[in-house]
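Next come two complexes built around chain A: one with chain B, the other with chain C.
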Partner chain A sequence: MSKPFTFATGIYASGDWESASLVPQNVIDVLAKYTSLELNPEGVNVRIDSPELFEYPFLFITGHLPVFFTPRERANLKEYVRRGGFLFVDDHNHDIDGVFHKTMTAELERMFGKLKKIPNDHRLYRAFFEFPDGPPTTSHELNGWGDNLVHDYLMGIMDGDRIDVLYSNKDYSSEWHVKLTENRDRREVDDPAKIAVNIVVYALTR
Partner chain B sequence: MRVWLERGAHLLGIAIIAWFLVDSLRARPGTGLQVVEVEGLVAELRRWSTVAAPEEVHVTVDRAVSPVQREWLAALAAAGTRVRWDGDSVLPLAVALDPVPDPDGGTRIRVAAPPGRTLVLEDDAGAIDSVVSGGTGARFSTRSPLRGVRVRSGGFVAESALRDSISFRRLLVIGKVGWESGMVTGALEERGWQVDARLALSPHGDVVQGAPPEELDPARYSAVVVLDSAALVGPARLVRYVRDGGGLVITTRAASAAGLARLRVGRPGRVVPPVEPFDTSADPRGSLGLTAIVPAEDAVPLELRDDLVAVAARRVDRGRVVLVGYDDTWRWRMAGGANGVEEHRAWWAGLVASVARVEHTPLPAVADEAPLAAIVQLLGPPSARPADIATAGAFPRGWAFAALAAALLLQWLSRRLRGAP
Partner chain C sequence: MNAVARVRRARRVLLCAIAASAILGAAAVGVGVLVLASAADLLVPLPLGARRLVLPAAAAAAAASLLVAGWRGRNAWSLGRVALYLEERLPQLRFALATAVEPAVPPTDAAREALERAVANVDARGALLRPVARAIAVRAAALAAALLALAAVPAGTLARILDPRPENVPLPPEPAAAVEPAPNRLAPISVRVEPPRYAGREPFVLEDPATVAALPGSRVEVRGRGASRGAADSLGASVAPASGGRQPRDLAVRVDGDAWSAAVVMPPEPAILRLRDRAHDRLVVLEPVPDEPPILSLLSPIRDSTFAEPKGKLDIDLQIQDDLGLARAEIELLYTSGGGERFETKRMIVGRASFDGTRTGRLRAAIVLDTMGLRPGDVLHIRAVAWDRNDVTGPGQGESETRTIRIRDPRDLSDVRITAAAAAAVDTSIISQRMLIMRAETLLVQKPQLEAEEYTRRSVRLSAQQGALRQRVLSIINELENVEGVGFVGHTPSSLVLREAAEEMRAAEQELSIAQVPVALVHMRKALALLEKIRDANRYWLRGLLTTTPVEIERVRLTGRDRANVGPRDPRERPEDPRRELLQRLNRAIALLESDPRAAGDSLQLVFAASLTEARDISETLGQAIEAMQRGEDVRAALIAARRRLERKVGHEGTLSSWFGMP
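Up next, the complex of A and B:
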């Protein structure tokens, strides 16, 4: 029996890695709903400075607080991406120039080089569902609680056209942390987790 | 007494001169039996071809005979001279050079030689490698494409040049969306293959890369890699593709699930669970899950893990099939240590290269791949070196001349000492 897809959340020494603890279960649910992927029904939390990290080629990192990786965390993450791991980082703050955004992007660029805007016609947005306008907006961006700021692109560390590290400050963490079925009922936007399906399918097929 | 001695020396001198006279009349240059070693062969061949051809030639082969010399001897034989040779010390040495069916290039070199000989592999740029031959000769492989190589051992040389250039078609990966299909496809693309893929993802459709047709054709795909049977359209088409000359790499689970037993490489055997966490201190493949293969009678085990067959191969009509028992080889790439990416890529490239159908374009090649075999082919098997002619050349004439000089000197000295005129 081959190993099923496992949604792994990265544990890092600084900040609040556990701030969106319902995200894994909700993403797994939506993957099960739309795809026939073999899925681990439960996500795992894995220390990003541990060798176990390499057993989970999809890694989700989120948080609100400033992030400063240890040298060992940096080395492990760098090697993780070199070997083919896919790192998805989401800013749980949903603001511009927030502390997580500033410190995390600095850390990512220190490890991997310059983050680039991902064009909105990238294959990521066609990997399963079609998102012709790029990343879908979240309820925060549509004034659920938030500030009416719409981030109309995602960023990434790219190898040519291939995304190795995906960075979002759209706060999908908040969006997917809420029970998705409830969330969908009270918004006009489409199922907000569809983009999660695209991200996972893209990571598996890039 | 002294006078008798002088007369004896005088008569001996006359006899030797007479022998020289008779011998010069009998053994005209280029006639009779000529014995020659390789060192003087070129000069002799030139003389035999321009002055007079001997009736019989015996070549003592003690070092490499060049193709030109061999052909020249063969021409001499065709012109009526009886050509024989001996060479107890001739090293049976042969070399063959093949391009590896891998877009990353590479050359496979196989050398046949007796066990225990030091073999030096070289090309025009110099020595590449050296090895002591084992029971079946030696094998070399290089990452760089070589047009020609030489193998030296002692004074003997064999050389080979590429006979063909090869070109590739695309690869097709069939499976389901997951880490295995993603990382195997990635590894093969990194290696230079152009990969199409059909991967099952949901009841509503597959993920398709490229434009794979439903009918598989060896003219379109050099090889097909089947990791899972979920997206396999018509196993019968796959069997037909192999029989028509296509290459197939398929996992044990996919083969049994898709009803591909008719390929008869083997059947699934013992299932060994993966080692978790991955043990990077041992052979990386030791940590992978394994569905062992019980190979068919005419299948060839290619890789063993402990006493279990992990990879086996079989020729099916014009095509070749490799059956892979490992599960989740992506773990080797991700968790298999610092070299896991490169090792995983090279291993998969090797599997595909072992079955891939490639197009061959002949190249003009001049090579001396098996010198001893070429001598036998041209001049027949070796024969015993004639004992009576081994001393029939310079040796008796030299001694005869020395004896003549000694006899005349003795006679002259004796006469001077006794005051005779």
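Up next, the complex of A and C:
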């Protein structure tokens, strides 16, 4: 029996998995606003070393701090992706060489192999909205808050053309970690959460 | 010939027979020792030291046999005993011979003549023939049997016994089928495996193997005979990955007189070595036995913690193991501080050690938190890394689990609920429960040697210890459910699990009190699993749980404007199940068993090689079946067992839940 889409946030032992606690609400909100997807109105937090992980086809992981997965977390995540689960990891630090970036990419490459740049004409950027120039720039990249760098591509663990693991250090977590009312007031043209719609739709239609 | 002369002649015959049978017997014993040692070497290759002892042992056994035979035949030197021996076989002598040889009193001439007449009247020919012939024949037969057994020992094995050297590579014997017009030069073969230098292991030789299992980087040399019987260039060898995908790589075949050889380095992935000789070919599976990376256990700190204040000393205790030999290890500390979007992380090494190839190691360090300038909200990650000495495919790197030590930030209380760190008593309870299980298992093993009363007494004592441990767990539950100061009274997630553990302990306690140790063990293990669960849970719930806020979907949808361009979407194909494909290949090989056993054997070797990466759980059964097949045994039952195991895991894999809705 089919189930409504549930936004799942991964709980891991090290680091701060809970650093962007408002992201689920915002993503669910934009999915409801722009799409007719059957949605679970509430996100879930799921331990990535638990069997419950396999209940959710989409998993979001974020954080600022160094990440070292336990062997059970690694094995479970690997199996999750092998079975077709979609993993979206966002670097909440927005550092090109920050500790989350370094440790998380090391963990991902240890589990899945080399991360590759996703071309900016990938189907991900046409899955719902059109993003002809690739991933949209975040306000954090433009206002000089972080390292003052614009990351003009996302990375992924690819199976041919298909993305199994999506990795971003654009800090969408900060962009989407806002009070719901702030986001709801945005007009479609400048809604920073529109890319979330593409990511979720792509994940569910690969 | 008078009576004394007759006895002297009989003595000579007996002495010669004893000497002959002793020599034959000693030779049989000596050869027997060689046969036994060769058989043992065939079953389990003997180490060099043991093989060096075989020849001296055979010589010593032969000498001992010789001495025993000589001692047992010592009576043949005495004329009187020889005379009695003859009297025993010729009762009609009526002791005339014994009296003539050893008279009690000197006989008169008349008496002597009477005695001589009595002896002369008895035909003594043939009296010794039967016992002498039997003694010699038995030992000769034993020697012949031992020599036949020795002749059946493969030449390579015999050479390892007779000329034990580290590098001796025994060539297989000349093929018995030399009379054939086109003998297969691929059988028999011997394979010498030289492990990589870092492993510190001795080379070893396998005779006629279907599979060669060795460390990646080992030099594998296949040798055979018959190079001079036929064109040398028709001998060929190639190696290809078992998983396919790459073209086979040809190997150079060297010819030295009548011997030929080909060498390959053991690859990191399973591979198929194919040998060719005109119309003949032969497969040998190369099975890499990986050098495992070091295994690290952080004994202290045993779990993640949150410190109320950055004070005190933190001991770090690391235990390391490696299958071949350790090179070095480090304890790494990552210190992260900051907040919001700005975090700073420093990495430092707080302990370091070198190991000279030992298989186990210990590394200790201490951190004084007071001196580190830690502030509320800071996080320490502690982990250890160790490297082995593998300089071929490595070095293998092992990492410990990471322990996360947090300094409590009072501001966290505003949005994240902080729960107290788990009582340390849970950890000690786990250790105690594990100890109790080990003691109960030991008691069960010792049961056959124990009196019933003693067995019951020990079981009752274990019951009392289990009861004491249950009380300790109950006190932890009490602490968790009645938090002083806060006024909390009620169940917590941890206390509920602990209650289950206590219940299992109570059942175990009861069973132990009536000496039902096997039943008690079931409950004891369940209790341990529950205690482990609670310890694991604390890693995660230490920092509390986020609450989730529902979105008012219907309200949001009223403002929705679905005008976006929907891109093309392709459904995802389910990945191929390698076990299913392996099952199909195994079925095809089984079907060939009757009609074409040789093709079936080759197919099975390929399936075996693929199973080394795709289905390790059937590799052992398949390997044994291939060896049994080479010995001409029926392998159908083993193959069906492997097939059942494959079938059990095919098609029963869980999948992600389905989802609904298209934009």
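Structural remarks
We take it that the second predicted complex is superposed on the first by the 193 of 206 C-alpha atoms of A that agree within 3 Å, B and C clash if a C-alpha of one lies under 4 Å from a C-alpha of the other, contacts with A are read in each partner's own complex, and residues count from 1 in each chain.
Note that contacts are C-beta pairs under 8 Å (C-beta built on N, C-alpha and C of every residue); 3 or more make two chains touch, one makes a residue touch a chain.
This is a predicted model, so every value here is computed, not measured.
When the two structures are aligned on the shared chain, A:111 is found in touch with neither chain B nor chain C. More residues of chain A lie in touch with C than with the remaining chain of the pair chain B and chain C. Looking at the shared chain after the overlay, A:98 reaches chain C, while chain B stays out of its contact range. Once the two complexes are overlaid on the shared chain, A:3 sits against chain B and chain C alike.
Look at A:205: by the touch rule set out above, it reaches both chain B and chain C. In the superposition on chain A, A:57 makes contact with both chain B and chain C.
Where the contact sets of chain A with chain B and with chain C meet, they give residues 1-3, 5, 34-38, 54-55, 57, 82-85, 127-128, 201, 204-206. Interface of chain B with chain A (complex): residues 176-183, 186, 197, 199-203, 207, 209, 228, 274, 276-278, 280, 289, 327-328, 330-331, 333-335, 338, 340-341.
The touching residues of chain C, counted against chain A in their complex, run 304, 334, 336, 338, 341, 343, 345, 379, 381, 383, 401-402, 404, 415-416, 539-540, 543, 545-546, 548-553, 556-557, 559-562, 564-572, 574-575, 653-663.
Those residues of chain A whose C-beta lies close enough to touch chain B in the complex are 1-3, 5, 34-38, 51-52, 54-55, 57, 79, 82-85, 127-128, 201, 203-206. Residues of chain A touching chain C in their complex: 1-5, 11, 13-15, 18, 21, 24-25, 28-29, 32-39, 41-45, 47, 54-57, 64-66, 68, 70-71, 80, 82-85, 93-94, 98-99, 123, 126-130, 140, 145-146, 162, 171, 174, 180, 184, 188, 197, 201, 204-206.
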